[in-house]
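Below you'll find a set of structures to go through.
The following pair of complexes shares a single chain, subunit A, combined with subunit B in the former and subunit C in the latter.
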Partner chain A sequence: MNEQEGKTTMIIATHRLSRRSVLAAGAAGAALLAAPAVVRAQAQPIRLGSLTPLTGAGGAYGPRMRDAIAAVVNEVNAAGGVRGRPLQLVTEDDQTSPEAAVRAARKLIDVDRVAAVMGTWASSVTTAVAPLCWENRVSLFTVSGADSITLLPHQGYIFRTQPNSRLQMRTVAKFAVDEGAQRIAWMGPQTPFAQSSIEEFQQVAQAANRPFTSLIYEADKATYRSEVDQILRARPDFIMFGGYTPDSIVLARDLFRAGYQGKVMAPAYAISARMLEALPHEVTQGAMVYEPWPEVASTAYSRLQRLLGSGVEVDPYTAQTYDHANLAVMALAIGGDGNGLAIKDNVRRISQGGGQSVDNAVDGLKAIVAGQKVDYTGASGPCDFTAEGDITGTKFRYQRVDKGAFQVMKIA
Partner chain B sequence: MENYLVAIVTFAGIYALLAMGLNVSWGMTGLVNLGMAGFFALGAYASAILTVRTGAWIPLGFGLAAIVAALAGAALMGITRKLRGDYLAIITLGFSEFVRLVAANEIWLTRGSDGISGIPGPWRGELSPAQFNVLFCVIVLVLVAVAYVVCERLRDSPYGRVLRAVREDDTVAAVAGKAVDRYKLQAFAIGAGIMGVAGAAYGHYTSYIAPDIFRPLITIYIFLALTAGGVGNNRGAVVGAFLVMAILEGTRFLWDVVPGLAAVQKAALREIVIGVLLIVVMRLRPEGLLPEPVPKVLDKETTR
Partner chain C sequence: MLAEVAQLLVNGIVTGTLLAVPAIGFTAIFAVLRFPNFAIASHCTIGAFAGYVANVTFGVPAAPALAFAFLVAGLFGLLTDEFVLKPMRPYGALTTAIAAIALTVVLENVVRFAFGNDLRGYDLPIFRDWRFWGIRLGPQQVENMALAVSVMAALFLFLKFSRTGKTMRAVADNPTLAAIKGIDADLVGRIVAFVGMGLAGVGGMLLGLDTSIDPLTGFRVVLSVFAAAVVGGLGSIPGAVVGALVVGVAEELSLLVVEPTYRSAVGFLAILIVLTLRPRGLLGEKAY
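Right after this comes the complex of A and B.
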């Protein structure tokens, strides 16, 4: 994008998407430059990048996340594109590795010249590719939870549809107190959200006058006997897990062996269906899980379910990337040059602030072309953003394990 | 496209530095160093912490990175000098995990698994991203050139001959009156220092480092680079690094020519292709693309 900056500002002002067209414009001279940019822009596709984890630790989610984005792109193209310009989806694999993701993002930004990068999952991946995005004026849509991400100097280019970890933890800690927890403990490996989780739990526990203790362990151990002994010295009756499935399996087993009788709670990605299969029912009995929950009742969610097929489980991350694509597409339709700057400037105009409520980009594009103000309500929630790019207002679903199966407790 | 190619050359240059560092300890001296990611991380963190915390001049960060990594290498070699082969490999692998865990848990120093963002790059604010990209590519290539010259001098010198003697049979070297432990320690430290410089370059280029970047996978890539290029040959280390990067990145563009596969299948296929290509290189050229040159002195003696 930037070798263009050496040329006249006229070129930049009229068109900055494709190097080839810039060269063509330069060759044709001033006469062509005088022509309206729209004329030349008509056939140019707008490229969008998917950077989900197709392999590595996030490989269980990435493929569906990418399919959700592709579904939106196909729908919009079938309906005639964004103001006459077709969309083109470019898929790269972030390999759940910040090192590999930086190279993949460079390819998306420098070779494909995408307007937006969507679907980064691991917090370290998002933080690694974020500077590339804002420096090259590409919008970044992410599902990562680490608080530090929206605190980066991103100039408005980051949009996060995942509630940040403090908001999640505060909600869950209050749930724990409501469930009658008397002595609360938190155990988990070192992650970008471990420290903030502990702080939020501590605050809620203190406010409710409950003793609180926490322990950070090493993630890939075969046994947590000594850690369990240490935490049980505080005699907790409610233990919150902060890790992932492999360590949570070991931890739950060792807690059971140590005779722990109290309650256990974990994020749904930790106590997962895989964990229920791996452990006997008596070990997992009564364990509770929570997750930010898509607006299942919403029309956007059912539309996404229909697009992906009824056999596909629409998890929160998939719902969020579906929203990423819808938001980006509608923001592009509002105005600007079909680039990341246009998305950055316009997302809040279509995501919040009242107007005609829409649940998909195709309807949204029609309304926008007709000059109406739209307010998108997505599959993951209302999709309203703060100035920092954080989401406001998300629901959580709580489930309890009974005889090796999840039973929904409540959605709130 | 140009920006992307420049960026890939930059990353390949960083890989080349790592491969040359590995070549000094493993290729020349025979000391298996699976702790490469650890020295890479030490360099990256040393320079990032210095420049972010104190606003120090960036070249000072590079210098500190080299010193910290070299000292750590010397210390590690000092306590493991009686170990060889597999045992040394295990200890060094443990060392790199140890560095990563310290980086993840000592939040006061390293900001934990959040990582350190906003690491300054030379003239990053004043230059456009494309100009910065080119500038840093030049810096990395200069570093590669300097490291290459230093490593070649090392290899050609009497000192390099002693290292090779230690590699082939350290008892013979000891009998010949060489202080084997001291040579091992120095070679390991020099290699680690070069890896530390690579770490500093990575941090200042991408502006972000986190413990996740320094997982053992990168060590494997560099081992492959050096083996494919030619163990013991500095030119081979550089060529191998560029080859591995070309394979890693080139497979991205396979997507366009393979029809009828889902995105996730293409991603998996890409990893398979990377593996197969490396196996093919190993199978066809087990001594590497550029085998270690036979020293001239030996030539004369054998032909006489």
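Right after this comes the complex of A and C.
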């Protein structure tokens, strides 16, 4: 409204001001204000926020995650928007830092008034911005794994497309036992998922009758010599890393120096391409990584691949943020006022429960306008949510490092 | 258990030796200019990155790259002291210390702007550690220690025998007397800002050589550096060395009783104990 008035004043300012023209403009402005909200809403774009890590530990994923969201927004706008209203994407960098993320989220929520914040990556970031989102009735779509996130009192505003860390850890711990691990250790920094990771690993190890030990270290240290000494006293032959790339580099180097010969495993975001570049091959040789793996056979996945440019392998987080955007857009089309509340209330109506199967928002919007029930199947998986906002079930891909390059072991 | 203690002692001595270099810089600046210059944090970082540019971009070996780290960090120290901190000094040590904290945040972000937030490693080979009597020690650690010890030896010789070194000690011991003898306190102040921050730069690079560097490299060690200087006696250069070894060893030995997560608290605890029981530090505040 203020914008409209501002524009009017500006136009007048370019002419010579007369009492009459001011009155006329004022009357026009008043008429505009008095018009029903719907009329004005038609012209107003719906704003969506992308809050991905463009820099920091998640910097390898953030830019493409943002591009995936932008691709959906562009497609939908080209097809006429959401029930006539264009979409506008506002992107911010969370810097993989909770502090920076809160500042960025404040801007997205208070200044840009977005309906949804999409793509938060690190669990600490998501935990930090989540209260801002639910208090301001903005939906939050995240790829973070920490169990604690969906346990927050978020009133339904959080949607998580990443399997939670308990599910991930249980799967990976079983994998470790299958790989023949005899004495298992877990090492990682203090994160929102550290404790649950340790518990899950411990349970699986105990069930398989394997000794288990764990150590939580201080994040962002330049060396972990003493920590490595401490963990090696338990003589593990399988060590699970629980951190991110920066500390995993330091840890892998110190383990190598200490003469550790056993197996190492980490999430793929920790032992990443950047880490393989930063360390000599003999240090990373044999390291294993896992990651929740997108539904590569799905039509949504190939569509996303096409949107982002041929030949690129779409990582799971990018696949998930693509789903975030599609889900948010279709939920907005179901009804409501183009805000976070509308998304919160409607996501499950288009993500699950049967109906016409769709793999993108443009087709979905058409079906919704035609009055059909839709069921979205995304690039990351079926995208069905529990009442808490968690997804149900997903696949994992396991890889092993050989001479500084990843070799796929299996997808299961 | 015995091997464990021995190992932690060795680790502590290595860390302590590296920590001593910036601690000397910090305490020397305090001795002459009479304020805690917390900008030491960003100068550690600047030195580490200057050394990184020399080592990785230009392929200079570690030891000469260290000299480059000294020069660049020293130059930054000289300029920032002249234009930022010196005008603050008439308003008291506390004001200047606060300005130094602000300065360090600004400089840290300058580094961040230029290099980004990513961790970077120096271009050095990685070796398996040596093992003897159940204790392990890395070749890189030994080299770093040797470098740190040489830098410190050079500094002691400079202070002991060179004319400039003697004037620095004179101003630190008794500024009034030094002024009567015609020593230019301003000039000495500039030299100490250059040398002190140069040492911080060397320390930053030494700490990073074994590990990795990022814009927070200096910030992470500043508490330990400050603790080392306080424990040894603020203003005392041999005190800084002793303090650094004490803090280094204490941080490592603390692992026997607490989780590694709480290791940083040891620095605080050391400051608290020393200030309560022996406020002048282990060696008092005589500069040399």
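Note that the second predicted complex is superposed on the first by the 359 of 412 C-alpha atoms of A that agree within 3 Å, B and C clash if a C-alpha of one lies under 4 Å from a C-alpha of the other, contacts with A are read in each partner's own complex, and residues count from 1 in each chain.
The rule we apply is simple: a residue touches a chain if its C-beta (ideal position, glycine included) is under 8 Å from a C-beta of that chain, and two chains touch if they have at least 3 such contacts.
Quantities reported herein were computed from a predicted structural model and do not represent experimental measurements.
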With subunit A superposed, do subunit B and subunit C clash or fit?
clash
Based on the superposed arrangement, let me know which partner A:142 touches: subunit B (first), subunit C (second), both, or neither?
neither
Applying the document's definition of touch, where does A:152 land relative to subunit B and subunit C: first, second, both, or neither?
first
Contacts for A:246 in the overlay, against subunit B (first) and subunit C (second): which applies, first, second, both or neither?
second
Once the shared chain is lined up, is A:218 touching subunit B (first), subunit C (second), both, or neither of them?
both
Comparing subunit C with subunit B, which touches more residues belonging to subunit A?
B
Which holds for A:190: it touches subunit B only (first), subunit C only (second), both, or neither?
both
Using the touch definition from the top, say if A:283 reaches subunit B (first), subunit C (second), both or neither.
second
For A:104, select first, second, both or neither according to whether it touches subunit B, subunit C, the two together, or no partner.
first
After the superposition on A, what does A:55 contact: first (subunit B), second (subunit C), both or neither?
both
On the A-aligned overlay, A:229 touches which partner chain: subunit B = first, subunit C = second, or both, or neither?
second
44-52, 98-106 or 170-178: stretch of subunit C that collides with subunit B:
98-106
Jot down the residues of subunit A that show up as touching in both complexes, subunit B in one and subunit C in the other.
55, 59, 95, 190, 216, 218
In the complex, subunit A touches subunit B at residues 1-3, 5, 19, 50, 54-55, 59, 62-63, 66-67, 70, 91-93, 95, 97-100, 102-104, 106-107, 109-111, 122-124, 127-128, 130-131, 135-136, 146, 148, 152-153, 190-192, 194-195, 216, 218
Within their complex, subunit B touches subunit A through residues 1-4, 7-8, 11, 101, 104-105, 107, 112-115, 117-118, 128-131, 206-208, 210, 212-213, 215, 217-218, 248-249, 252, 255, 262-264, 266-268, 270-271
Residues of subunit C touching subunit A in their complex?
4, 7-8, 11, 116-119, 121, 125-129, 131, 136, 138, 207-208, 210-214, 216-217, 220, 252, 255, 259-261, 263-264
Tell me, which parts of subunit A touch subunit C in their complex?
55-56, 59, 95-96, 190, 215-218, 220-227, 229-230, 233, 245-246, 249-250, 253, 256-259, 274, 278-280, 282-283
